[in-house]
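Heads up, the next two complexes both have chain A, just with different partners, chain B and then chain C.
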Partner chain A sequence: MELHKEKQLLETLQGVFQLKSGEIKRRHRIEVEVEKKDVVPLLLFVKEKLGYKHLSHISCVDWIEEGRFELIYMPWSHQEQILIMVKVSIPRDAAEMENIDMIWRQANTYQRELREMFGIEFPGFVGDYDFILEDWEDIPPMRRDFDTEAYVKDHYFERPGREDAKDVRTEIAKRSGEQIPDFAKKYSR
Partner chain B sequence: MNDKNSQKIVDVIKNFARKHSLFVLAYGTGCGAIEIPATMTSRYDAERFGIRGAATPRQADVLLITGYLSTKTLKRVIRTYEQMQDPKYVIGFGSCTINGGMYWDSYNTIKLLDMYLPVDIYINGCMPRPEAVIEGFIGLQKLIAAGKAEGAKKYKENLDWYRANQKKVIKNWVMPDYNW
Partner chain C sequence: MREKTTTLYLGPQHPGITGNMMVKLSLKGDTIVKAKTEVGYLHRAFEKLLEKRNWLQCFTVMCRFCVPEPDPMENIYARAVEEIEGREVPERAKYIRTMVLELARLQSFLLWYAGQNGSAGLYTVPQWSVGDRNYILDLFEELTGGRIYHMYTWPGGVRRDLPEGFESRVLKVMDYIEKRQEDYDRMMFDNSIFQKRAQGVGIINKEKAIEWGVVGAPLRACGVKSDIRIDEPYEIYDKLDFIVPTQEGADVWARALVRRAEFKQSISIIRQIIDKMPKGEIYNKVPNPQKWTLPKGNAYVRAEAVRGEIGMFLQSDGGNKPRRVHVRGAAYVHAVSLLEDVLVGQNVSDVSFIMNSLGTCPPEIER
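Let's look at the complex of A and B:
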């Protein structure tokens, strides 16, 4: 398979920026990792000079063991048909990232979501208020140190009977005195 | 009109009328709302049982909770329910309303609907098919005919208990008080 478009793009980026790593994942997709200070210049560069007009997503991974969040910006070019995954690590305890909603307006929505779900602050953007969750008081729920089960236990009621995970078929049969034929037994737990 | 027997007759007539005109609020949460168009339209044709849609809470008799409720939606649902006029009934749809379903460990959906709203009848399934939905409606009609669908009364009488549960998950309670 010819990957020369992807190779060319990677070489361009390597020429202009100091990449921590750069890799061609497959056709139509490359992955680069940069320092925090290079993110905005790189995004501006690919948008203005290379025609990556579309920001498909900003995603986040919580590397709790390493004490960092990894943000992944994904600009896409309709002409080149390539998705660049721009990775950047930010420290977990001072989670702050530059606001890019003047480059792409849709970034505002993603940033609001990241702010709410991971607690990453983007100083200076409009939208630092509730997004999907309402009146949330705990730590941001998508952080890995948020204990969902404990939260559920002390905020919501639980219907008794879930914990033993009985087989529905056999329970109903028992209740109504019905015989389950032998061949069907192997399908019940 | 004041003696017991004539009141009974009035009740029978009232319940008969109520059970044959269930106006369902056109409101859906969760996955289940997708079964409602199928139930209402020509294939399953719920209108032959007197079940039809109503546009606003004040015109509706039945509130369908068609699946999981996030706490954010719960706030709106409570407000909707309290705006509805008597007689009013609540149907809980699918396992999410019964015991949390597959959202049993989700941080922002409630697990037991009947702790927050008085549910008259549950329909199980994930998602219940239109047949099951109609079955559930018929179950509700039977309850109404027997005069046992008294969720609204229960809600009024135990309002404090419901309010306490509701306020447990809705932190910022800014809602009007209705005096039905």
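Let's look at the complex of A and C:
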């Protein structure tokens, strides 16, 4: 499959911005990585000059071992039919990113979620603090160091009779008087 | 005299609200002056849960993201895993997957008929369409064992082959629901009550529609010819002959007309698939799920559901579990920033009517 349009777009972006990396992933997809300072200029450039009007998604990956968050902005062009994955890394201990809800209005919703779930701040961004969670005081729950099991044990109680977390099948077998077949026993806890 | 503003909390438990969410409305008389979407009643932390499951276990959770149309979620997950791993899918499996996606679209259209008419107070169509939807759910039950959640499309192909004579039963159901469209037309599209309720209501700003992230039928009802199945073909959509219907009105009526035309297209697509269905393998077997690792990398794949574009960002760190799964549903934009904008100036009685036409699905927002 020819990838003319994708190659041309990548060359254009390489000519205008200092990309840390850039690759054609497949037809309809290119991926570029930029410095934090270049994100907003690049997004404005692709939207206003190249017609990438639709913001499909903003996602975030927590690379806790490397002490960074990776944000991925994904604008799409209905004309060119290419989706650009714009990657940027920000430090975990100073998780701040520029606000882009003046470029795409719906980014407001995405940023509210990122702030709530990862604790990334967007200075100058006006958006309600509570989005999905309510009165959350723990560390942002989508961070890798948030321990779901410990949180559950701290905040909820076990249903009576289930404290020992016994295998459900053993209990059912005891009540009904049935035997667990040998082949199934090895899967029991 | 100072006009009084009333605050009305619509939802989270309300028959007109599609799922558990709330819209906080500020009213002057019957007219909405401000709307604010409040979510958080349905958060199940699926995305966090998926980080603790291996690649195959994740597949069983995928369909639960959205009740009205779970199959596209399974499909995008399977395709994202295949893209990262570079796994090939047998041709027959692609045909079956596409057929499942289109059957899912049809049952979702019928559910939309029910919601759209029910929220207008027209209760005959919901009775019919939910009944007709059962014929499609019967097919799903026969094929997958499940009526709503199928857990059928998995990485590498599909879980089992079509049962004996399944194609002919699908065609029979297609003939039936195609004929039923005449009844729906009489009860819904020729109905002056529905027309008056739908025309000129819930208008989206056409110039801003793309920038505001509008997708699917609401975008096509603004005159934009956009459909992921054509723009970025997946499975076997590039081998099928179908059109993308558009309208110019940008209101509830235009969105209804677009969906009506798409309903017919889906029936035609299913007939084409059955006509062209090749023989062969249905599954490119994955390794032992406990030891199955994917190379480090990411993928963002999209599919066209009835509500619009849905996408999945999947990141692998080279291990046997995903590092990050992030779902983008159509409702994520439609039910928050777009709904808050569209509702201003509308009558309070039209809120659930407009929500249905935008394809609001709270489970997609909260995940």
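Throughout what follows, the second predicted complex is superposed on the first by the 160 of 189 C-alpha atoms of A that agree within 3 Å, B and C clash if a C-alpha of one lies under 4 Å from a C-alpha of the other, contacts with A are read in each partner's own complex, and residues count from 1 in each chain.
In the analysis below, contacts are C-beta pairs under 8 Å (C-beta built on N, C-alpha and C of every residue); 3 or more make two chains touch, one makes a residue touch a chain.
Keep in mind it's a predicted model, so treat the numbers as computed, not measured.
Student: After superposition on the shared chain, which partner residues are touched by A:29: those of chain B (first), chain C (second), both, or neither?
Tutor: Only chain C; A:29 stays clear of chain B.
Student: For A:85, select first, second, both or neither according to whether it touches chain B, chain C, the two together, or no partner.
Tutor: It touches chain C, and chain B stays clear.
Student: Of the two partner chains, chain B (first) and chain C (second), which one does A:72 touch, if any: first, second, both, or neither?
Tutor: second
Student: Tell me which partner A:133 touches in the superposition: chain B (first), chain C (second), both or neither.
Tutor: Once the two structures are laid over each other on A, A:133 reaches both partners.
Student: Per the contact definition in the header, classify A:141: touching chain B only (first), chain C only (second), both, or neither.
Tutor: both
Student: Any idea whether chain B or chain C touches more of chain A?
Tutor: Between chain B and chain C, C touches the greater number of residues in chain A.
Student: Does the superposition put A:152 against chain B (first), chain C (second), both, or neither?
Tutor: After superposing on A, A:152 lies in contact with chain B but is clear of chain C.
Student: Touch test for A:55: chain B only (first), chain C only (second), both, or neither?
Tutor: The answer is second: A:55 touches chain C but not chain B.
Student: Which holds for A:104: it touches chain B only (first), chain C only (second), both, or neither?
Tutor: second
Student: Using the superposition on A, tell me which residues of chain A are in contact with chain B and, in the other complex, with chain C.
Tutor: In the superposed arrangement, which is not itself an observed complex, chain A uses residues 132-134, 141, 146, 148 for both chain B and chain C.
Student: Within the complex, which stretch of chain B touches chain A?
Tutor: By the definition above, chain B touches chain A via 71-72, 75, 98-100, 104-108, 110-112, 115, 165, 168-172.
Student: Once bound in the complex, which stretches of chain A touch chain C?
Tutor: 25-26, 28-29, 53-57, 59-62, 72, 74, 78, 81, 83, 85, 104-106, 108-109, 130-134, 141-142, 144, 146, 148
Student: Touching residues of chain C toward chain A in the complex: what are they?
Tutor: Residues 39-40, 43, 45, 47-48, 51-52, 83, 210-213, 215, 224, 226, 231-232, 298-300, 302, 309, 311, 313, 315, 323-324, 326, 328, 332-333, 336-338, 365-366.
Student: Under the stated contact criterion, what part of chain A meets chain B in this complex?
Tutor: 132-135, 137, 141, 146, 148-149, 151-152, 155-159, 161-162
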